[in-house]
Structures are given as structure tokens and as C-alpha cells.
Amino acid sequence: MPDAISAMHDAGAAARIDVGTFLELVALYQAYASALDARQYDRWPDFFVDDCVYRLQPRENFDRGLPLATMAFESKGMLKDRVYGVTQTLAHDPYYQRHVVGTPIVHRCVGDTIESEANYAVFRTRQNELSEVFNVGRYVDVVHRTPAGLRFASRICVFDSEMIPTSIIYPI
Amino acid sequence: MPDAISAMHDAGAAARIDVGTFLELVALYQAYASALDARQYDRWPDFFVDDCVYRLQPRENFDRGLPLATMAFESKGMLKDRVYGVTQTLAHDPYYQRHVVGTPIVHRCVGDTIESEANYAVFRTRQNELSEVFNVGRYVDVVHRTPAGLRFASRICVFDSEMIPTSIIYPI
Amino acid sequence: MPDAISAMHDAGAAARIDVGTFLELVALYQAYASALDARQYDRWPDFFVDDCVYRLQPRENFDRGLPLATMAFESKGMLKDRVYGVTQTLAHDPYYQRHVVGTPIVHRCVGDTIESEANYAVFRTRQNELSEVFNVGRYVDVVHRTPAGLRFASRICVFDSEMIPTSIIYPI
């Protein structure tokens, strides 16, 4: 794990990533958010490499290196299981999600690997209710270039609150 | 209307748009938001071509292809009428808007036409009240290159909630 | 102070800034937000030149040219004093901040000076509470190129509400 906030070096790192790759990275972040917000959960695992990590974790646990996480998956197969659970088996009141994601900060870009992060806010809208702040935090990511394009090798969603309005059903 | 969330192709589409045009597109999105937030409503129609479409529509109606919309205008003249109504004739408690808009996803860029979308969150602040989430959703856009720069041929604001805190007065 | 919302000229101004500089500017905005959200307050003054201005000001006062501000500092030394106050002497309930910041609009780029602005939303999370909208507005900035990279010569945070949930302790 890199020092996630070595931001004074970021301008330099961003300069060392070529513009085309940076814009692909931006597109990856936005496409990921867009697919989730459109409830196209079947497509969610496709944003990852096969041997991937996905975690949704409160900030305090992440900062202290504690393992406890709200969601923790360690392969694309586990992501697909989660999608199956979300779409086929879990009984829950559906809600809409809407992600607004900042531009990624590039911490490192070496070979086919990019280490980056971005702040996010996710809003939730339940039927017949007002939209509300649901989950805010940052993505801490490792991205690989694959023949199919950029994919997440690791995406850790580090959120600011230990409390959330109700249990989180869908990926962030 | 393109498949609005064909995101796996987005990185490719984004790569096919040249960097200068993409940054102009980003600037268009931000300038549009900035003008509305500054209450410069007179400038709002100038972000559109003459023969334009603007709609503000709940997500459920948009997804089902239903026509019902909170606002629906089909020419720059109708936009100007709306501005007149908002600034001169409507009796309402004024409020501030603040847009935070994600980076656009480019679905297609052919000739002088760009099909793109972006997530947005609009916050409302009424006098002597706290800022609050007002309207979240995504812009589904068709943008044309004109001699004066990029302009919206169509902007559909697809918002997540059917409920809104009170009636929407200003454009989103 | 430039006309802060001369947005129809923005696409032109953005085109006149070279792509590398623009992406450095984007990285500066995101790194600034990231450092504050990580509570690395010691690093906050380093985003500024020595002879700098930082103000946090309600929109109504800014728009009318009134001097009253929630925070107003006029040198890097004053910023360091504030950091000392925040981290060492102020008695307050700590809270997390999370910034989601739009892409900057470039109003002017002449020599080593950039005039730009960007919308922001800051969310606050207090211990054992839900995340909430805390402060929304726009950054009105003057940025200088220095040997160490881009730095703020002036950053004015113009926020939409005169009311805030409780007093603002940390910089925005």
C-alpha cells in the first residue's frame, strides 16, 4: 500500500502518466460509477481483473490497518457471487444510488500498474423519498492495464462513517 | 438515443475524441453549472443551439420511455421564455443552487456531434437555512460543435427522485 | 478580481492553457482536498505561496464586496498559526471532512499565473453520526507556478449558506 496521500508528489506523478492513460483512468472511474448507478450489477465484476480485491471499509479500520470490513471479496468469482446475491436472493427494499466522483489523484504509474485514489459521494434515493447523502469517502485503487483496457486489481472504498443510514446492499 | 451506459466501450470512445475537444467538453459542463449557480439565467439559453431540447425528467419516466417531464422545452425560444418566467413573473422564495458535476463520459464522437453524460448533484440553500441535497441524477446530452464553440443540442436531466424538496424553479 | 463567471470565454481560455498545465491544476485541486480530508493539516500551508490570501466567506458578502469573512488569513505564517490552533489549542469535537470538487474552470492563464474556480461540496461526519452536507460553494483562486510546482496565491472559499451546522473548525 503506498502512502495514499503523498499529494505534494502527485503533480509530478500525474505529469509522468501520459495524458491518454490519465483520461482512460478518468473514464474508468466514471464508467464504474455509471454502471452501478444504472443498476447494471452484472457488469460490475467486469471492471476488475480476475485476481482482484474489493473492500468496503470504515475509515477508522483502514487507517489502523484493521481487517474488519463491511464487504470484502478477493476474486472476480466472489464479486459475481455478490451480484447473484444482490439481484436474485437478498430481500431488501431497492434504492437508487448516484455517485459523484472527483478526478483521480495518481500516486504512481509504473509499467502497467497505476496507484490512484479519488473522493466520492454516493446519494441514495428510496421510493417516494427525498435523495439523501448515503456514503462518502475515497477509493484507494490499484489499476492494471489489460488487453481489454484498464481494470481494477484492487479497489478499497474507505468511507467516513461507521454509521450508515441502513445496511449497504449494493456495491459502492 | 444511444445505449447511455455502454461504459465498457467508453474508454475506447474517450480515446477517439481528441484531448482538446474532451477538455472543451469538460469546460462546457462546468461553465453551464457555474452560470446557473451564479444565477446568470439570461446566459442559460446560450449554452444551447437554436433547435434544442431541454428536459428535466424523473428517472422512472426516462427509463420507460414515458414523455412526462418536470420541464420540457424544444427550442432556444422556449428556454428564453422560461428565463423570463423565472426572473420576471414567478412568485417564489429564491434559493441558491450549487452543482457538483462529474467528468463526462463520452459515448460517441462523430463529426461535429458528441454524445455524452455525467452525474450531478445539486445542493440547495435557502435563506437562513442549511445547505441540503436538492436533486441528483445524470445529464444525458448531445453536444454540437458550432462556430461559437460547443453547445447542447439536447440536455436531458434524469433525476433519481420523484419527490423533490419543493417545486423546482430554476433549471438544473 | 476577474469576472468570475465569464464562462462563455472559458472554453477559449481552457484551450489556451496547455494540457499539461491544466492537468497539474486539476491535480493541485484534488491534492489540496485530499490533504485536508486526511487531516494532514500541517501540509495545508504548503499548498500556498508565502505571500498568500485565504478566505472563507459567505456568498452574500463576497458578491457585495463586503470584507466580513469566517476565516481570513494573509500570509503563509497566518495559515501556520491556524494549523497550530486547530491541532494544538482549540477544544472541539473532531469531525471528518470529505471534499468532492468539480473540475476547475480556467478564466485566465497568463505567464505563471492562472485564475480559476471550481465548485465544491464538503461533507462532515461526526463520530457515531451519519455523513451530512456541511458546506457547499466555489473556490475562487489565483494560482502561481513556482519552482516547487503550482501553488495558491489566493484561495477564496465562497460558500452558499450563512448558516452552517456548527462552527467551522478546519479549513475548507
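We call the chains A, B and C, going by the order they appear; numbering starts again at 1 in every chain.
Definition applied: a residue touches a chain if its C-beta (ideal position, glycine included) is under 8 Å from a C-beta of that chain, and two chains touch if they have at least 3 such contacts.
Quantities reported herein were computed from a predicted structural model and do not represent experimental measurements.
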Same-residue or different-residue interface between chain B and chain C, half as cut-off: different
Turn needed to bring chain A onto chain B - CA fit, degrees, nearest 5: 120
Where chain B and chain C are represented by their mean Cα positions, the distance between them in whole Å: 25
For chain C, residues that touch 2 or more chains besides their own: 19, 100-101, 103, 121, 133
Residues of chain A defined as touching chain C within the complex: 4-5, 7-8, 10-12, 14-15, 19, 22, 59, 100-106, 117-121, 133-138, 160-165
Complex contacts: residues of chain B adjacent to chain C: 19-20, 23-24, 26-35, 37-38, 40, 43, 46, 96, 98-101, 103, 121, 123, 125, 128-133, 149-150
